[in-house]
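Let me begin by presenting the structure, written as structure tokens, before commenting on it.
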Amino acid sequence: MSVPADPQHGVPFGVDVRRDGPVTTVTPEGEVDLATAAELEAAVGEMPSGGRCVVDLRRLAFMDSAGLRAIMRLDLRGREEGWALVVVPGDGMVRRLLEVSRVGDRVTVVDAPEDVE
Amino acid sequence: MSVPADPQHGVPFGVDVRRDGPVTTVTPEGEVDLATAAELEAAVGEMPSGGRCVVDLRRLAFMDSAGLRAIMRLDLRGREEGWALVVVPGDGMVRRLLEVSRVGDRVTVVDAPEDVE
Amino acid sequence: MSPASRGASHPLRRTVPAVPACVAGLRADAAGYLAAAGAPPELTEAVRLAVSEAVSNVILHAYPPDDDPGPVHLVVEVSRGTVHVTVADEGRGIAPRFDSPGAGLGLPIIANVATRLELGPAGEAGTELRMSFDGLAA
Amino acid sequence: MSPASRGASHPLRRTVPAVPACVAGLRADAAGYLAAAGAPPELTEAVRLAVSEAVSNVILHAYPPDDDPGPVHLVVEVSRGTVHVTVADEGRGIAPRFDSPGAGLGLPIIANVATRLELGPAGEAGTELRMSFDGLAA
């Protein structure tokens, strides 16, 4: 986990969204919790059927169950609307949380966005 | 709650099922838990669209969250298949469990099977 | 000291394989023990429900589904007006699980009916859930 | 006694209104306090996650949704190698709820990262969740 130097003043939450044909890459920064998870979820926006949404969590300093729930809801939306969700958890606390909750068994997890297919 | 005289030897679990046109009345007896909840759920069987299933829990000596989950699954099935679930909890521990878990807010609860409509 | 409270001074101890058929017997044993100890019906009812939920959790979550069932341990004792109940297993320990066959109802039901709930590791492996219930006349 | 462990001998105490925006500040305060006490990163990370879940539970579940938010209380202290964290509210008490906005993840996550978890009533109304974490060099 990349802990900010001063935990009182972490990076403010923000989401970078890039759309490239059928692939949307969503990269949140900062901390995902009850206050910010809805923003992460909403950032995905409209997805084309057959498309792929890569959620890159490697820049997060923190995520809790609010983030897990957002990922599970996106996964459900993808299954219903016919697009694929791919999660890039990095190797810190986000990956451990995905593993311990077995969310990582349900959604597609890769080491880097390039690793898809 | 009607506690059997000797709790070591409670009434064995069983379900009485009566089908009367569109109305099926399911009356379990004994204790609903992990070992018996599936039997309660299965007892409902095929239901006609537009029908009504009355689950009369007044003869139960005990029910735990396995019973709540069975009721919630039946409620979901009814909504999907277009029939109504009605629960008769009596005034003992089953009613308290429905109230505290708010399952009673989601499903239709009546005092007696005659009270429907 | 009444015969009932004398009878209650030895803890109730049970260890059985964690399978669905064991839940009814364990909660009946706990309820019978408390009835003998002179517990009021509401208290006995609270313990019956909590034991049922705690033992069900062990059956559902403690051991990998495909293995032979491991043990569930139950202890009930009474001390100075409080009922202490411990349900322990030798399983994989508590973890949040999205694929949970439950619905996140067991622990909140126990927290609702018990005065206090404590959850921690049990010995070398597994989980110990201790619950206490006030309301027994001392 | 090192300056760090001296600094840790006063508990951290915070009381704020239970709204989503308060979660980040409370877990950062807890993490900052532990870092100053010389806690290793894994321990600080466990406490950050547990505080976040416990405070989120108060926000989501303790007070009726339409009321003004009530308070959430946080206490962190260090004693003999163990971190003790208490998150308390003055709300309606724990109950299982089918309409839960969560998914039954909070308590199991806390049980997973803490050594021990204790749940009971807080004062006149509300819930107190005490968590302890081993692993701080004494």
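Per-chain numbering from 1; labels A, B, C and D assigned in written order.
What we mean here is this: contacts are C-beta pairs under 8 Å (C-beta built on N, C-alpha and C of every residue); 3 or more make two chains touch, one makes a residue touch a chain.
On a predicted model such as this, the values are computed, not experimentally measured, just so you know.
Trainee: Can you list every chain in contact with both subunit A and subunit B?
Mentor: The shared contacts of subunit A and subunit B, listed by label, come to C, D.
Trainee: Which is the least count of steps on a path of touching chains running from subunit B to subunit D?
Mentor: Minimum step count, subunit B to subunit D: 1.
Trainee: Suppose chain centres are the mean of their C-alpha atoms. Which chain sits farthest from subunit D?
Mentor: Measuring from the centre of subunit D, the most distant chain centre belongs to B.
Trainee: Taking the mean of the CA coordinates per chain, how far is subunit A from subunit D in Å?
Mentor: Distance between chain centres: 25 Å.
Trainee: Using mean C-alpha positions as chain centres, tell me how far subunit A is from subunit C in Å, no decimals.
Mentor: Between these chains, centre-to-centre, one finds 39 Å.
Trainee: Subunit D: which residues touch two or more other chains?
Mentor: 95-98, 102-103, 105, 109, 112 - these are the residues of subunit D that touch more than one other chain.
Trainee: What positions in subunit B touch 2 or more of the other chains?
Mentor: Residue numbers touching two or more other chains: 65, 68, 72, 100-101.
Trainee: May I ask you to sort the chain touch graph into line, ring, star, complete or other?
Mentor: Topology of touching chains reads as other, fitting no named class.
Trainee: Touching pairs of chains, which are they?
Mentor: Touching chain pairs, listed by label, are A-C, A-D, B-C, B-D, C-D.
Trainee: Would you tell me which residues of subunit B are touching subunit C in their complex?
Mentor: 1, 3, 6-8, 10, 31, 33-35, 62, 64-66, 68-69, 72, 93, 97, 100-101
Trainee: Give the list of subunit C residues in touch with subunit A in this complex.
Mentor: Touch list, subunit C to subunit A: 95-99.
Trainee: For the complex, give me every residue of subunit C touching subunit B.
Mentor: 20-21, 23-25, 27-29, 31-32, 35, 41, 44-45, 48-49, 52-53, 56, 59-60, 102-103, 105-106, 109, 112
Trainee: For the complex, which residues does subunit B have touching subunit D?
Mentor: Counting only subunit B, the residues touching subunit D are 65, 68, 72, 100-103, 105-106.
Trainee: So in the complex, which bits of subunit D are touching subunit C?
Mentor: Listed in rising order, the residues are 93-98, 100, 102-105, 107-109, 111-112, 115-121, 127.
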